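Next come two complexes, and both contain subunit A; in the first it sits with subunit B, in the second with subunit C.
Take a look at the complex of A and B:
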């Protein structure tokens, strides 16, 4: 069971998320006062620049930060438990790359349906699902954790090469659309897109509730889980599907974001010191949101001197953290 | 005695005059005349039967590369110069602007290598490419040396994105001179166009190149004068988002000069630098929500542009359908705009100053369709 100290940590995180969110809302380069914030929400004036910036830019960016941070962290947690590997995550296992490849196909096909929001989401979800299945298939053949991660990295390299070929063959306008998407950003999302994103996100999160018990058992090992009546084949398929929904959704709207899915679940495990996946999921939701929001605040604070893409900053923070985990395991 | 002295003085004077005449003659031969007026990174000097080409570094304007074309077979090549045999008979042109310049001299048939046919507009070069007479080399810096050697091109012209061409010395020994072209780093539109003179001396069409440049210079300056007479100064902004960053032309840049010459109130005209200035999207929206015109959004249709970023809809210029782009025929623009700056300026004046009733056709820019 979770300790009182860990519960306190969760409560603290619960308080921190709204505080950081408010800070995020007011951390842009343009200073906006509280009255504009209030009017942007309840008495919106379409001609007021500050209110437009607040409503159309900062609120979607904040919501996308929370969704992307928490969604990728949950996906990472699922992968780590499923493969019983703390270094697993949607990015390193090549699931993000699957999304990217299929989005590249859809954008560079030039077919209007595929270029639409729905087309992009569908492609990203399908790509994530297929690559999730591929990595699952490899996990039956390859027993070593490191080898599986290497296969994930190779899948990533394979898709990068394929995307490069596609880019060299595509016309300049399609190439531009794909390049813009691939740079990754939290501010691509609009307020009108938020409902559809929320639907998929909530679907993914609710599905997680149903796999808490199997995940808790999977920690004991696959044989133990089977003995306890867990239908591994179905559980794995469900876990891959949830990961595909969350990763595909976020990749479709923000582009690839690295290391969140790998680093955050490990941070949460260190903070909460529990194997209870219910708590770990809540922890991932909160820490994931906080992690990406803090990264985005940093980006906005540094904007006057240097422009850092979100993907670069998450890698800058996430990669050393992963090295630390590896060193700790070796020790 | 006095007669003798007078004779001596006269003889002495004649000697001085004749010597002076000789000096004048020899100094006329030695005249170092830089023919370049606007380009800051190029010098073309005629000296003792040679044409000396100096390519300057765009960073500090110090001479970076020196080439020599012998106009007389017995002329002495100054030390430190790379010998270029003119007229050049085959050229690998790695940038579309190079093809544009050669085409103005009716010499695009000399092109035997390009970087990528997808970025070529010139029908003659494309036709030759389809027939296999023009080879696709790939991007600058990634071209296999053996492909260049196999092409047997006399000259390879490259853009030099901050470094020399790989294996430049070896290629020179194997017969292909690598010539860096910094036209794209020129700040003044006429400076960019003036690089046609380099192509002129290379292919033995110097006179035609000079004539062409003088013609477009006259047209450009005439258009600038017409624009200056307008009593209005329309507001405009330029550029688009790349990731989370909006790149706008800096105040001393090529585009900014064009905007100034077209008599407009460009939002970032006072910013420092010759490249671009970076802003966040929020800043751009705050500064330009009411700005009248938006140029160079990087797209050729409104739907495609709004697909890339639907928040553009908040700009007045988008609401009033006053967004203009050259992307309808991007290849044509990149190939021709450098060598036809008068047409770019004409387009700007035509769009921004309808009161001047220029009645020229639009060459590159079009309004983005809703």
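Take a look at the complex of A and C:
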């Protein structure tokens, strides 16, 4: 199923994730020593600023980096296999924009329930799911890979225009809230929000275990998958649901993050050289986390001179990588 | 194995009818007909993915429509006319996918499954290819690999849709000979649609011909048709 060399790569990644995580925890403008970190976890002193920074900012930011990086990468992998298209991903297919639109609606509705965490997650999930279904419906009509991507991009443009109109009608405080959200950031999450995020994330990841088998067969194309006994309609709906949970959750708390879902699964396939989706998922979990954490470390290092939103940095790295993939395909 | 009795094949309108044909194990049936006569529709009706206009295909005394998804996949396997290969998918992993209808929810292969995979590889002499990627090998090799996948599926019926269309002469011959071998040795019912009249006649298979004027499918035993006769009936 997988070469020994690829297994070694996986082990290496597994070692790298905690190392980079530690780097991530200790990067940032204020330098903090290890003893404060230890005490923040096990012997928390509410009056110590450094410990508060660890507990309230750095740990949630680290966890969110891991969750967002791995979740978006896995969502991208699901979309790529489902649409048999290496350039698919939740962002380019417009699934993110579904979340954005619904979150914009809920923030600007002014209704307390919709502004609460649970309300925001719900609307982000519903938005992602509806847009997932829309793109699925289009995939029945257009057979060409490129056309489907174009439709996804158009869905994105359409919703961002719509969101701009909503913004122009909203009051300054709502506008600020939404603009901050739209730039994408890992640092808006607080420690109290982490449990609910973890519940949704783990739910999404565990569901993935049960789609490994159909995904491995879907690689052969829909007809062959059907002849091997795969219930296509059912499998597609599950894949869209998992993608909606992961994408919606992450979009709700971090804002839109581009290209991770597109680039990381391609990197993982390049590294592991397999189509066995169990391994690819593990690879996406690890590489996705690493990718976003490294991006976030870079952001923190540059913070003194320039503030880069995470969405901008992932695009800066991701977009050229996608062009590379396209060029490689043509060659 | 397969009973076709009083059936009308078509999509929306009837293309041709079948009075009474029995397809047995141990034989290769070559499906011959003009373009648009309904070869593909017929194959889809055999697999139950296209509803026949009248009557129903009966496989092992059961209507094809009553099969569950996995039962169907354990009874009928399908080889497409072309397999282009897939990035990062190895030959052995591709052949292993034939075991999918038998595996648990996680798709884990048992030792028995792995033994069957190796058996198919040995039977078709694909040992040297097994660790290669499916995009690195030739069209002819890929077609044999696809047949190995179908064998691994351990079905009594194997359907091949124009498997030789994209192959050169020696590979075409090889595929036909291999299928005849398999039909006899492993006692399988094999149906191959083909445009290659000479190859079918040369290989001495049973012929399922879609009669052009009578709009009916007729079964001819091996060696009972000449090329001229075949052309006059089917084209």
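To be clear about the criterion, the second predicted complex is superposed on the first by the 331 of 331 C-alpha atoms of A that agree within 3 Å, B and C clash if a C-alpha of one lies under 4 Å from a C-alpha of the other, contacts with A are read in each partner's own complex, and residues count from 1 in each chain.
The working rule: contacts are C-beta pairs under 8 Å (C-beta built on N, C-alpha and C of every residue); 3 or more make two chains touch, one makes a residue touch a chain.
Note that the coordinates shown come from a computational prediction; the quantities given were computed from them, not determined experimentally.
> If you stack the two complexes on chain A, which partner ends up touching A:171: first (subunit B), second (subunit C), both, or neither?
In the superposition, A:171 touches subunit B alone.
> Pick one for A:19: touches subunit B only (first), subunit C only (second), both, or neither.
After superposing on A, A:19 lies clear of both subunit B and subunit C.
> Quick one: is A:273 in contact with subunit B, with subunit C, with both, or with neither? Answer first, second, both or neither.
It touches subunit C, and subunit B stays clear.
> Between subunit B (first) and subunit C (second), which does A:302 come into contact with in this model arrangement: first, second, both, or neither?
Neither partner.
> Quick check for you: in the superposed arrangement, does A:326 touch first (subunit B), second (subunit C), both or neither?
Once the two structures are laid over each other on A, A:326 reaches no partner at all.
> Quick check for you: in the superposed arrangement, does A:146 touch first (subunit B), second (subunit C), both or neither?
neither
> Now for A:230: first (subunit B), second (subunit C), both, or neither, which partner does it touch?
Once the two structures are laid over each other on A, A:230 reaches subunit C alone.
> Touch test for A:213: subunit B only (first), subunit C only (second), both, or neither?
After superposing on A, A:213 lies in contact with subunit C but is clear of subunit B.
> Considering only the defined contacts, which subunit A positions touch subunit C in the complex?
1, 86, 209-210, 212-213, 216-217, 219-220, 223-224, 226-231, 269, 272-276, 278
> Which bits of subunit A are touching subunit B when the two form their complex?
28-30, 49, 52-53, 56-57, 115, 168, 171-173, 176-177, 180, 183-185, 187-188, 190, 192, 299-300, 303, 307, 309-310
> Which of the residues in subunit C end up touching subunit A in this complex?
Touching subunit A: residues 47, 49, 69-70, 72-74, 76-78, 80, 86-90, 93-94, 97-98, 100-101, 103, 105-107, 153 of subunit C.
> For the complex, which residues does subunit B have touching subunit A?
116, 118-119, 241-245, 278, 280-283, 285-286, 289, 298-300, 304, 307-311, 314, 327, 330
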